[in-house]
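What follows is a group of structures, each given as C-alpha cells.
Same chain, two partners: chain A is paired with chain B first, then with chain C.
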Partner chain A sequence: MHPRAGASLSRRRFLALSAAGGATGAAALSGCAMRVSSGVSGVGETVTVMAKADDFSPELIRQARKDLGVKIVTVRYDITKLIGMMTNGAPPDLVRGVGATDAPYFAARDVMEDLDPYFARSDVLRAGDLDPVNDLWRYDGRTQGKGPRYGMAKDFSQDSMFWYNTALFDEAGVGHPPETEPVTYEEWLEDARRLTRRRNGQTTVFGGSYQGVLTPNLLASLTASAGGNLFTDDFSRIDFTTPEARKALAWYVEYGRSRVGPSIVQPDPNAWDGPTYQAGRMAMSNSGYWLGGLINTDKKLAPLSRLAPAPLFAGGRRVSPCQAGTGFWMPKKAKNKDAAWRVFEWFFGEGPARARASGGWGIPTLKSLRPLMPAREDYQKRVLKVQNAELRHFSVIAFTPYASADSLYALFNQEAPAAMNGHMSVDTLAGRLNSVMNEQLKRGKEQVG
Partner chain B sequence: MTATSLPPGSAPRVRVRAGRLVLYTVLVVATGLFVGPFGWLVLSGLKTPAELAASPVHWLPTHVQWHNFADAFNLIDFLGYARNSLIIATLYATLVTLSSAWVGFGFARLEAPGKKTLFGILIGSMMLPQMITLLPTYLIFAKLGMVDTYWPWVLWGLAAAPYLVFLFRQFFAGLPRELEEAAIVDGCGYGTIFWRIFLPQSWPVLSASFVIAFTWSWGDYIAPQLLLSTDRSTLAVAVMSTYVTSAGTPVANLQAAGSVMYVVPILLIFLVAQRGFVAGMSTSGLK
Partner chain C sequence: MTVDQISVTGRTGAPDSIARRAPAGRPRISMTGRRHRAFYLFTAPWIIGFLLLTVVPMAYALWLSFTTYDGISPHWRYVGLGNYTELFSDPQTWNSLGRTGLFAITSVPLSIVAGLGLAVLVNRPIRARGLFRTLLYLPAVVPPVGAGLTFKALFDQNSGAANGVLTLFGFDALGWLADPYARYVLLMSVLWAAGNVMIISLAGLQDVPRELHEAARIDGAGAWRTFRSITVPLLSPVLLFQTVTGVIASVQTIMPLLLTPDGTTAGVTALPQSNYLYMMHVFSQYFALGRYGYASALLWVLFVLILIATGLIFRFTSGVVFYNVDPEAKK
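This part shows the complex of A and B:
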C-alpha cells in the first residue's frame, strides 16, 4: 500500500494507531476460525476430565466413545489450572486426585460432590464390592475414612511394603527378609547398610530405598507403625515431638544420613525406583504391589524379586496403609454430572478397570476384580500370596484437611536436609517442623473455618 | 632443532601457532560444554532404561536402540502436537516481532511526555515472574472465552514483548536522523517511515527477534499447559508429560528420544537464521 502524498502520519495519529491496530486486528481476527476445533461434535455428551497421560490414553477415550457414546475431553492435571477453573465456576466434570491426601483437603473446602446417591443407584459399583481402600475417599467433616464418598481409587498398593532382589542379598551374604512376617524398620535399615555398595565415592548399589509416596504421608504411616499419630485428634496440629513421631522422624533422618538409598540429600537421577531396581542397582525398593507391573515385564528380574510385608517399629503395631489411592472425584459445580458419573462407573467398574486389574500395576479397587490379578507364573503366585496376606493389615491413616500434602512436603524438604547432613539434631528438626507446619495448618484451618 | 637455530621470523610464527592452538583448545572445550548436554540427550535416547540407570555410567549404548525414536514418535500424536506448536510459535513470533518493532520505533524516534517513564515501566515489567500472573491470566482468558483457543497467543503477540521492544529501540535509535528528516521532507508520515524505511533496514533485528520469539513460544510449557486441552496442546507439554508407564512413572529413554526430535526444528531455524541473529544482536548494542 502506497502512502497518499501529503497524508503524513502525525505523532498523535501514530500513537492512536498503535492502540487501535491491536484492537482492530483482534476484531478482524475474531471472524476467523481461531478455535482449533469445535466443542461438542456428533452425538452424545462431552465430559471434561482433568487427568494425567496414563489415566486416559487416546485409545481409552476412543473406547469410551464406542462404549458409552460420550466424548471425553481431557485437560492435563495441574493444580493451578484446577484452581483457575473452579474459581471461574467451570471446573472439569471429573478430576484426578490422590485419595490419601486430596480427599480431606477438597472435601473440607466443600468443592466435592457427595457421590453416595450415585453409588446407591449404581449396578456397577456396589457398596459391598468396594475395597476398603476406597474409604480413603470418605470424609465426614472431621475424619477421613468415614462419612460420604467423594471419589474412588482406580487401583492401589500397600505402599509401606517393599520389593527385594534376592540376587543382591545373596551376593552380599545377607539373609532374605521373610515373606510372611514383617521385619522391623531397624532391621530393614541394618540390612540396607550391609547391602549398599560404593566405589570411588559413588553408590553403585543402593541397599534400600524407602521414600514412600510423599514424605508427609510416609511420616504419618511410620508414626502409626510406631504406635502413635502424627496429627492431633482434630487434625489441626502436627506433633513430631511425641515419642512415636520422634521415633519415626529419627529413623527417616537416619535413613537419609546413612546414604543407603535415594533421598532429598542423595537424589536418584532416575527420579523413581523402577529403572534403578531393574538395573540391579537397588537391593530393596519401598514400592507396593504396583511395581510388579514393571518387574513382571523383565523375565530375568521377576524370578529374583520378592515382595515383603510392611515393616514395623520394634514394639510398634503392624499397619500397612495405602499412601495414595489415586482416583477421580467430581467437583460440586461440574456441569455434566450424570454423564460424568457414567464415565466414572465405566472407568472404575467396567472395561478399563478389568484391564488395569490384569495389568499388575496395582490391586483392583473392586473385590470382584481380584481374580484378574496376574497369577500365571510361579513368581506371580508367590507375590500374590504375600499381597493377599497383607490385605488383612490394611488401614486408613487419616490425613489433615488443613494443608495440602505438597505444601507440607515443601516445608519438610526445606528443613530436613540439615538434619540428614548431620548439621542439626533430630529434636531440633522436630521443633522446627512443628513450628513451620503448624503455621501452615493454622492458616488452612482459618480458611476452612 | 633448538630455538637458536630457527630461521629469522619463525619465532613470531611459532607464537601465532601456539596462540591459535590455545584458542582452538578453548573453543573446542567451550563447544563441548555447550554440545555435551545435547549429545548426552541423544545417547540417552539410544539406550534401554536399565542401561540409563547403570553404574558405572555406560557412556555409549551397548546395543543401540534406534527404535526408541520410532516409539517416541508413535506413542503420541507427535506430528499433531508439532503442528500445534508450529502454529502457535509462528503466529506469536510473527505478531510479536512486528508489534515490538512498531513500539520500539515509537520509543526510539518519537518524543512524548513521560516517554522515559513509560519505557522504564516497560523494561521493569520484565522483572515480573510469570508465576505471579498465571492465575489472573487464566481467569481473564476464561472470562473472555479464550481458554482452549489460540487467541491468547494472538493477543500476546499484538501486545509486544519488552525485551524485543528494547532490542528494536536500540537498533532504531542508532539509525541516522537524516533518514527520517529526508522522508518527512518527501511527505512521508511516521507510519510510512516505519514501514518503508526503518523496517526494511532492520532485517538482522527482525531475524533475531523472530528466532527469540519462536524459541520462547516453542519451548513454553506453562501457558499451553494452563490454557489448552490435551489434544490442542503443544509438543513441549506432550514430551514432558506423555512418556510414562501405566503407573504414571517416566520412561526416561523415550523422553530423551522425544526431546531430541522436539529440539530439531529449533536447531534448524537457528541454523538458517543464525547470520541474521548474530548480526541483529550485535547491531542493537547488545553484544
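This part shows the complex of A and C:
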C-alpha cells in the first residue's frame, strides 16, 4: 500500500526524518556540477506550496532559500482546503497531486497550468530526459498520457509489484516467487493463504497484502492485467461485467474474503503495510520499489526481502503500471508562476531530486538520475535488477477525467463489504458498482461539459 | 442610589449633571435608550459572530442545496428541489438516518444513566472524592482524535488489549472494528466521555436541598425511593438539558470517522455499515464524492429533523420536568 495522509504518526515521523536526511544529501550534492535553469529566477519571491509534511521538510525549505533565494510557504495538503483556496481565487502556487488520477480530473476542469512552455525553456527538465511515467501528467482533453504536460512525478514505482520476506516463505515451506517472471494472481492468493498464520482468531502473520494505491486504480490495473479495460473508450462509463473486469473484481473480493491481508473488512490499524512488514508479520506486501526506502534502513530485514514482478491473470497480459506518479502541478490562477516554476525545476531536477533518487524511496523520474539508485549492497543490486527488468513492462493505464479516484473509492467502500463478507455475490456487486459509479461519472461528465 | 430614585427620575443624579453639561442641541439619551445601546454593544460580538459564522454559511448551504455545485467544475447548474427529491429516494439516506436514530436512542440514555450514576457515587462523602471526580472527568477532556486513536489501538483485532483479555480467558479474538461489533465500540466511545454528563449531574445533585432528603428519611423513605421521588424530579431540568444536547450531539457525531484506520478523505468512508451514520453520509457526499449541493441538502434536512426532535422532546417532557422556581414570579 502506498503512503496516505492517514498513516500513523510514527510513519510520518519516519518519513520526515527520511526527508530531512534527503535534504542534507541535497545540501551536500548542491555543490556538484548543476545545470542552471535558463528561463526564470524568482529570487526574493514567496511560493506557496500545498504539500504533505514529508514533501517539504523545514531543512528543504531552508535549502530552497539558500539555493534559489525563494521563500517557500507550505500549506498542509487537504483537498477541501485546495477547493476553498481555488474558489477564493487564491490557489497555492504548487499543489501536490497523484498524476494517475488527479491529472485528468483537474486538467479536464481547466484549473491546471499547461507547463509545456516552461518545459520548452528549461535546461534542467529536458523532454528527452523525462521518464515515460511523467506522461501520467499529460492530458489532451480526452485521454491521459497524451497532450500538454500539467505536472511531473517526483518519483515513481510500479505499484502492482510486491515485496516478500524470504524467511516467512521458508518457515511456511512455500517456494519463492521467480525473480523476473510473474506469478499469476491465482498463485499469489494461494501462496498468501499458505503463508497466513492464525491463532485464537488473531492473525499473527498476514500472508499478503494487495490493496494498490487507491482501489479504483488497482481495479483498473487488475482489469488490464486480465486483458481488458475497466472504462469505456471515452471514459464516460465503467463496466465491471466484462469478463476481464469481473475476473479482476472476483479476485479482489476473494482476497478480502480470504482474510490473508488487510482490506476494508479487515483494516490494518497502521493504515499502510510498512510497520507490519517490518515487524515480520506480513509475508508479501503489494508495494513497488519505493518500499525499499524503508527496507534498506533495516539491516536485518533488507537481506531477507525480495522484490517480485507484478502478477498477471492466467491467460491475461503482462502489464506493470504506476498507480500513483505523485508529484506537483501548478494551478492556472497561481500568483507567482515564474518563481513556482523555479522551485519546480529545483525540486524535480536538482539537489532534492538527486537526494530522493539515492534514498531508494522511488525510481527517479529523470532518466539521468537512474545511476543514483542505491546499488551498493548485494540485496540492493538484486532489487535493482528485478526493477530494471520490470520497467520493460511499464505502461500508462488511463483514468477517467469525469470522477475523482476518491469518489469511486468511496462508492466501492460502500458496496464491497457485503460481498467481502459473503453476503452478496460478485455479479450482484458488479451490477451495483456499475450503477453507482456510472451515476457519478454521468454527473462528472455533465459538469466538465 | 435606590431603585425608587431610578424609577422616579428615570436616571441617576450623576448622568443628570452630565446631561446638563452636554452641548445644546445634542439629543439626550434616556435610560431606556442607554440600556438598549448597552445591550446591543455587549451582545454585538455574539450577534456578528452568529450572523457571519452561522446565518451566512447556512444561507450559503441552502443556496448550494439547489445546485449541482462540486466546488471545482465549471458547469454546475441550478436544480431547484432536485437534491431534496433525490435525497428522499436515496436508500443510503434512509439507512443512515435509521442507524443514527437507533444510535441516539441507545447512546443518549446510556450516557445519561452512566453519568448520573457516577455523579451519585462521587457525590457521596467518600475518601479521595476529589481525586475520583477528576479521574472520572478526565476522559471527557481528551480530544476526540486522541480518543479515536486510543480506541483503535485498544480494539485492534490482532494486537489490541481487548482481544488480549479475551484470548487470555480462552475466547477467540473478535474483529471489534468491523461489522457487527463496530457499533459496540462506538457505544463504548460514548460512555468513555460520560464524565461530561457526570459533571453537570453533579452540579444538579448539589443543588438539591438537603432538608428534603432529611424529611423523606424521617417519613421512612429508603434510598431508592428518595432518589426516585426527590432527586430525579429536582434533577429533571438538568436531565432534560442533557437529553436535548445529547440527542443533538449524537446525530452529529463524527466518532465513526475517527475509528477508521485510513484517515484520508475517501479512506474514512471505509466504515463498517453499522457505523455508517447520517453525518458519515454527509461527509462522504461532501468530500469524497464532491457533491456539495446534495450534501448541503442533507444537512438542511438534518437541521429540520433536529428542530422537530427537540420540539418533540420538550412537548413530551413538559409534564414531567419540575422547575424549582415559581414561573409567575418574574411576571
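Keep in mind that, in the parts below, the second predicted complex is superposed on the first by the 406 of 449 C-alpha atoms of A that agree within 3 Å, B and C clash if a C-alpha of one lies under 4 Å from a C-alpha of the other, contacts with A are read in each partner's own complex, and residues count from 1 in each chain.
Rule of thumb we're sticking to: a residue touches a chain if its C-beta (ideal position, glycine included) is under 8 Å from a C-beta of that chain, and two chains touch if they have at least 3 such contacts.
Because the structure is a prediction, the values reported are computed rather than measured.
Once chain A of one complex is fitted onto chain A of the other, the partner contacts of A:Leu214 are limited to chain C, with no touch recorded for chain B. When the shared chain is aligned, chain C comes close enough to touch A:Val111, but chain B does not.
In the superposition on chain A, A:Asp406 contacts chain C only, with no contact to chain B.
Once the two complexes are overlaid on the shared chain, A:Arg121 sits clear of chain B and of chain C alike. Shared-chain residue A:Gly362: touches chain B; no touch with chain C. Once the two complexes are laid over each other on the shared chain, residue contacts for A:Val265 go to chain C alone; chain B is not touched.
With both structures placed on the common chain, the touch criterion links A:Asn421 to chain C but leaves chain B unconnected.
The partner that reaches more residues of chain A, of the two candidates chain B and chain C, is B. Residue contacts after overlaying the shared chain place A:Ile83 against chain B and chain C alike.
In the superposition on chain A, contact of A:Lys66 is made with neither chain B nor chain C.
Comparing which residues of chain A touch chain B with which touch chain C, the overlap comprises 5-7, 80, 83, 87, 202-204, 270-271.
Chain C makes touch with chain A in their complex at residues 68, 70-77, 92, 152-153, 156-159, 163, 167, 171-175, 177-179, 260-273, 276, 284, 286-291. Remark: chain A residues 4-7, 79-80, 83, 86-87, 106, 109-111, 200-204, 214, 264-271, 404-407, 409-411, 413-414, 417-418, 421, 440, 443-444, 446-449 touch chain C in the complex.
Taken together, the chain A residues at the contact with chain B in this complex read 3, 5-11, 13-15, 17-18, 21-22, 25-26, 29, 34-37, 48, 52-55, 58, 73-76, 78, 80-81, 83-85, 87-88, 90, 199, 202-205, 270-272, 274-276, 278-281, 290, 293-294, 356, 359, 361-362. Interface residues of chain B facing chain A in the complex, by the touch rule stated above, are 49-56, 77, 84, 99, 102-103, 106, 110-112, 134-135, 138-139, 142-143, 148-151, 154-155, 158-159, 184, 187-192, 196, 225-226, 229-233, 237, 241-242, 244-250, 252.
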